[in-house]
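One chain, chain A, links the two complexes that follow: it is found with chain B in the first and with chain C in the second.
Up next is the complex of A and B:
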């Protein structure tokens, strides 16, 4: 039973087009498949791009750009690092990266969850948006570089800064933000690093419920001490206005 | 200072002998330019509220109304015209950016009006399209660099050495193509910027005629799914309405980088226009602003563009053409070749006359270059680099007639997008107030009271008629040139001559001056 429900693909030396066609063919031929394991991944792009299905895909190696773009449903586990544009315009599903990820992670993400063990690059969570029951969440264990949550319109970004001596986020956090929330595990935050559309504050009761919910998942995945992390102070960033550009025009 | 009067553009003239006080004008005007006064039993018209959409004039059952241009005449000044003066007054009042709709209305040189077409006389006979087959069929997509033929021996049942039959089959795999019955498609106009009835009219007309319509970046409404075989879906920086179903349902995907009416700036659909239906289509909460950032923040280079093109190709399993839409700007030729080299199957160039639902006036009127020059330089550049066949070229931006279109094709494009003229076929009178959401014609509005004025069945018929009329005219002109397929006109600049153009202009357009023989 188990054997029938998973397939292993060796990506060694394969061009991304060939690899992805193999994944697609596997899904076409075995519609009931529950798990695909891809070994020796070395930067191949577009894995799980546009796949609308409930299954698990394990990637052993380094996932390339645009992993899970337009994805709707699968659970992706990357045993390694991932490159840029992970979860681009993703609709639903989960991405777990047991390493670090590059720039523009979660661009235009509308739903689903991305959990990263270590650090992420620049412009993470740009223009994330929520819609009805769809609520995108990104949890970053390490630090995030500049322009985190730029143009953010909805959803939740959590930056933990675990094992980091430097401040966990870069400059221009939430520039152009007009929806959603960012939680940062820190005692204080210098307002100069924030975009002018963003203010900082304490987490509300409702925010703690959210934090707790996603941190439980996160700590379970990466085997971390939930209570210890939740004991730390978190600061919430949220937009001054949902209409930052409302009074711009001469009608 | 007391509040200044804004500039009035129009004067409402009511012929009291014809007016029967039916109050139709007062009921329909969304700008409240006509108001019925119960006590005096009279209709009062306010010139300052009239936007010049001519809806009441067309509707008035007795023809009592005439809308005339009436620009407040300040003392004559050849530098400070009334337009500039009243704009300053408006901005002094509000402190805001001037907004406008539709395309650039400034008197820039109309190159199409300085280009004339050829016709056959004596030496090569012209063709009568009414009797002879005339081919307007157009294929949009990457064409192979060469066609490879594979020899397949013909199997004869009996062996006769004198019977030699050579049988070749094309072994080259054709990349995905869009097949158009006419080289005219409807431009990207999103649901949100225009009403569902307007989109439905165009979708139905395109489907019936065998051409394409374009969702714009507002998603594909569920009511329009029946027309998805003929839809090009857009992926823009805000990614509104983009999911895998949207991409899969389309005939082709278009990455929107820029728009001719507002090159270099993003889009902004105000929250007031995001009602239940728009919200469902764009996948954003009701009442929230839909902000499309100026750049795609994942595209800072041609390599990044390539990454998105291939992300879309991978998502659609290389089954659909993926194109890129860019605004015509100074560097259009190198940008277009970059897009082609990045893997775009078609490149759309949107000229400075291209329309919009809302743009800052200063951008619309001052940014970008004329489409005629952009077409000529892009086509030439792609030919010079030997990659013209790798992508189809589509031009957009203010095509007023079939003549403009045929000239654009002779300059080098495969097909054109029409937006403004398509909306005119649905009733638009170019009042340029699309951004107010009060369109009396039911086009650029989401107000159900206004949108129901546009019957999609009638709208579709009218838009279809426009496609038919222009296609017939193109056939006539082609026949006159002695050409029987639009394919043979593409980039055939010998069919064009310039009138009253400078040497540099002729050089850029790649055409000779009228009077010069072949």
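Up next is the complex of A and C:
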């Protein structure tokens, strides 16, 4: 390893405030730091919040709520599960979760990528948004529960359903969706599980380019067979209108 | 008393934390585990309420009911005890052991009474020998209702056998220290950490809520509180503790103990599927859910919630039908864990056999084997 430029923090028994202070102090004292390894994390909140820097942060344990909120740049690797509201309003960077994640993952996410090996909870990708080069992407290896992509305004959600026999998404998918796309690895989808703002269809050439691009990253990270996954059928969900409630209160 | 009134005015929106540990083999677990678990989620509360429920804590007195009573005025002790003496045979009265915790700004008077109902009173009320326990529990429940409703400044925190609820206004570490929770051993523990939203912060309003052997800890707020409360009044349950969670404890008693339905059915009543989902079901299932929603409509619990309900042989975790509050479950050997956050389980048992997030409205049920 030529990269000796790392610091290890033991989070055992630390309050989140103390832990985050240690991270901040490390960044201040060693501006060229490339890697922070945090061991024994057990639910400490707000890790890597608002950090605007290119470096890697490895989290060993269970990452607490609001991991990477407002984050702008770092690559986070969680060796374990992550709790709720991961990547809240995140700006850029990458989060890799080698387990499962909880509810409202990617809440209001503005950019960057989140790759989850296993399952996610409810309301994942709620109100994600995109603008010009800012394009948030979430790839879920397992299944997502109800209200996936709720009020979604932009970006891309990919659900693979690789490790489950059940259907990869729950009920009320894309309720209130008015932008962005959801790709689901499935042959068919029951339209009754979709929010009324959403329609389903086939991926376009342009969609396949996107899928290919992010699946290459995903398969490399989790050591999966890209070709095999891409051979499966994907269904695209997208909104009827970018402004479904435009007339609701106006007339 | 001034402090008590002031606390009632505090309204801050956010969530709470719940956690429960059960050894389904019935082995005792030290109270320090549940304290560790709830302290891990200190951020979920704001110091305005914490509490613990333990089952199996009074093995020497397991056949008598134990009332944990809080008095906010010493003058009502005599009135309450006179009432208790009329209805019950007193086996033992003692102050609930506490430790002085300087950071607690107000502390009420706390006693526990080991009692058994006067047999002749139960026979008077019900002319049948069968189902004695059922009628006895009805009798005890009505006495609890009477004290909470009619005797001002006296509140029964718990009224079951071989169990007890310890709660108050404070952080979970303060309340644990105050009641010396780590000195008790129980095979089921639950704990709560409060961040009061729409209801007042006072000692009686802290969780767990209890009636008979039941206890409930709850994160969320019940928007159907009004209709649930009116429904319960038809069956003689009166809400007097100014907190929405109270209806949960009484609904559980009504549906499980009185109507003899299972926890699976209870979950389907509390977190009933939407009509749009019922429309999609097969005929039999559709009929079942339709009848259930018609019969138990006023018992549907609307609004965000994650609860842990316990009695002497069961621990059940349940979330609302759209999963607006978190709930995680884990297993290690014979021990079942349910909590608001995975970390609250991992901090007690780092290496779990399994850990999962139950689906919305799908109960996690632990039964004593």
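Operating definition for what follows: the second predicted complex is superposed on the first by the 244 of 251 C-alpha atoms of A that agree within 3 Å, B and C clash if a C-alpha of one lies under 4 Å from a C-alpha of the other, contacts with A are read in each partner's own complex, and residues count from 1 in each chain.
Following the convention adopted for this analysis, a contact is a pair of C-beta atoms (placed from the backbone, for glycine too) under 8 Å apart; a residue touches a chain by one contact, two chains touch by 3 or more.
Computed from a predicted structure; not experimentally measured.
J.: Using the superposition on chain A described above, determine whether A:218 touches chain B (first), chain C (second), both, or neither.
T.: neither
J.: Given the touch rule stated above, what does A:107 touch, chain B (first), chain C (second), both, or neither?
T.: first
J.: Return first, second, both or neither, reflecting whether A:183 touches chain B, chain C, both chains, or no partner chain.
T.: Neither partner.
J.: Can A:65 be said to touch chain B (first), chain C (second), both, or neither?
T.: both
J.: Residues of chain A touched by chain B versus by chain C: which partner has the larger set?
T.: Looking at chain B versus chain C, the one contacting more residues of chain A is B.
J.: Where does A:115 make contact in the superposed view: on chain B (first), on chain C (second), on both, or on neither?
T.: neither
J.: Give one of first, second, both or neither to describe whether A:134 is in contact with chain B, with chain C, with both, or with none.
T.: It touches chain B, and chain C stays clear.
J.: Counting only touches as set out at the top, which of chain B and chain C does A:89 meet: first, second, both, neither?
T.: Touch partner of A:89: chain B, not chain C.
J.: Which partner does A:153 reach: the first (chain B), the second (chain C), both, or neither?
T.: After superposition on chain A, A:153 lies in contact with chain B alone.
J.: Using the touch definition from the top, say if A:234 reaches chain B (first), chain C (second), both or neither.
T.: In the superposition, A:234 touches no partner, neither chain B nor chain C.
J.: Shared contact residues on chain A for chain B and chain C?
T.: The answer is residues 16, 45, 65, 84, 123 of chain A.
J.: What part of chain B is in contact with chain A in the complex they form?
T.: Against chain A, the touching part of chain B is residues 90-91, 93-99, 235, 237-239, 242-245, 247-248, 268, 270-271, 279, 283-285, 288-289, 291, 293, 297-298, 307, 310-311, 314-317, 435-436.
J.: Using the touch definition from the top, list the residues of chain C that touch chain A in their complex.
T.: Answer in residue numbers: 40-41, 43, 276-277, 280, 322-323, 326, 328, 341-344, 346-347, 355, 357, 359-360.
J.: Quick one: in the complex, what on chain A touches chain B?
T.: 16-17, 20, 24, 45-46, 49-52, 65-66, 69-72, 84-85, 88-89, 91, 104, 107-108, 110, 123, 126-127, 129-132, 134, 150-151, 153-154, 176, 178-179, 242-251
J.: Which stretch or stretches of chain A touch chain C in the complex?
T.: Listed in rising order, the residues are 16, 42-45, 61-62, 64-65, 81, 83-84, 100, 102-103, 119, 121-123, 145-147, 170-171, 192.
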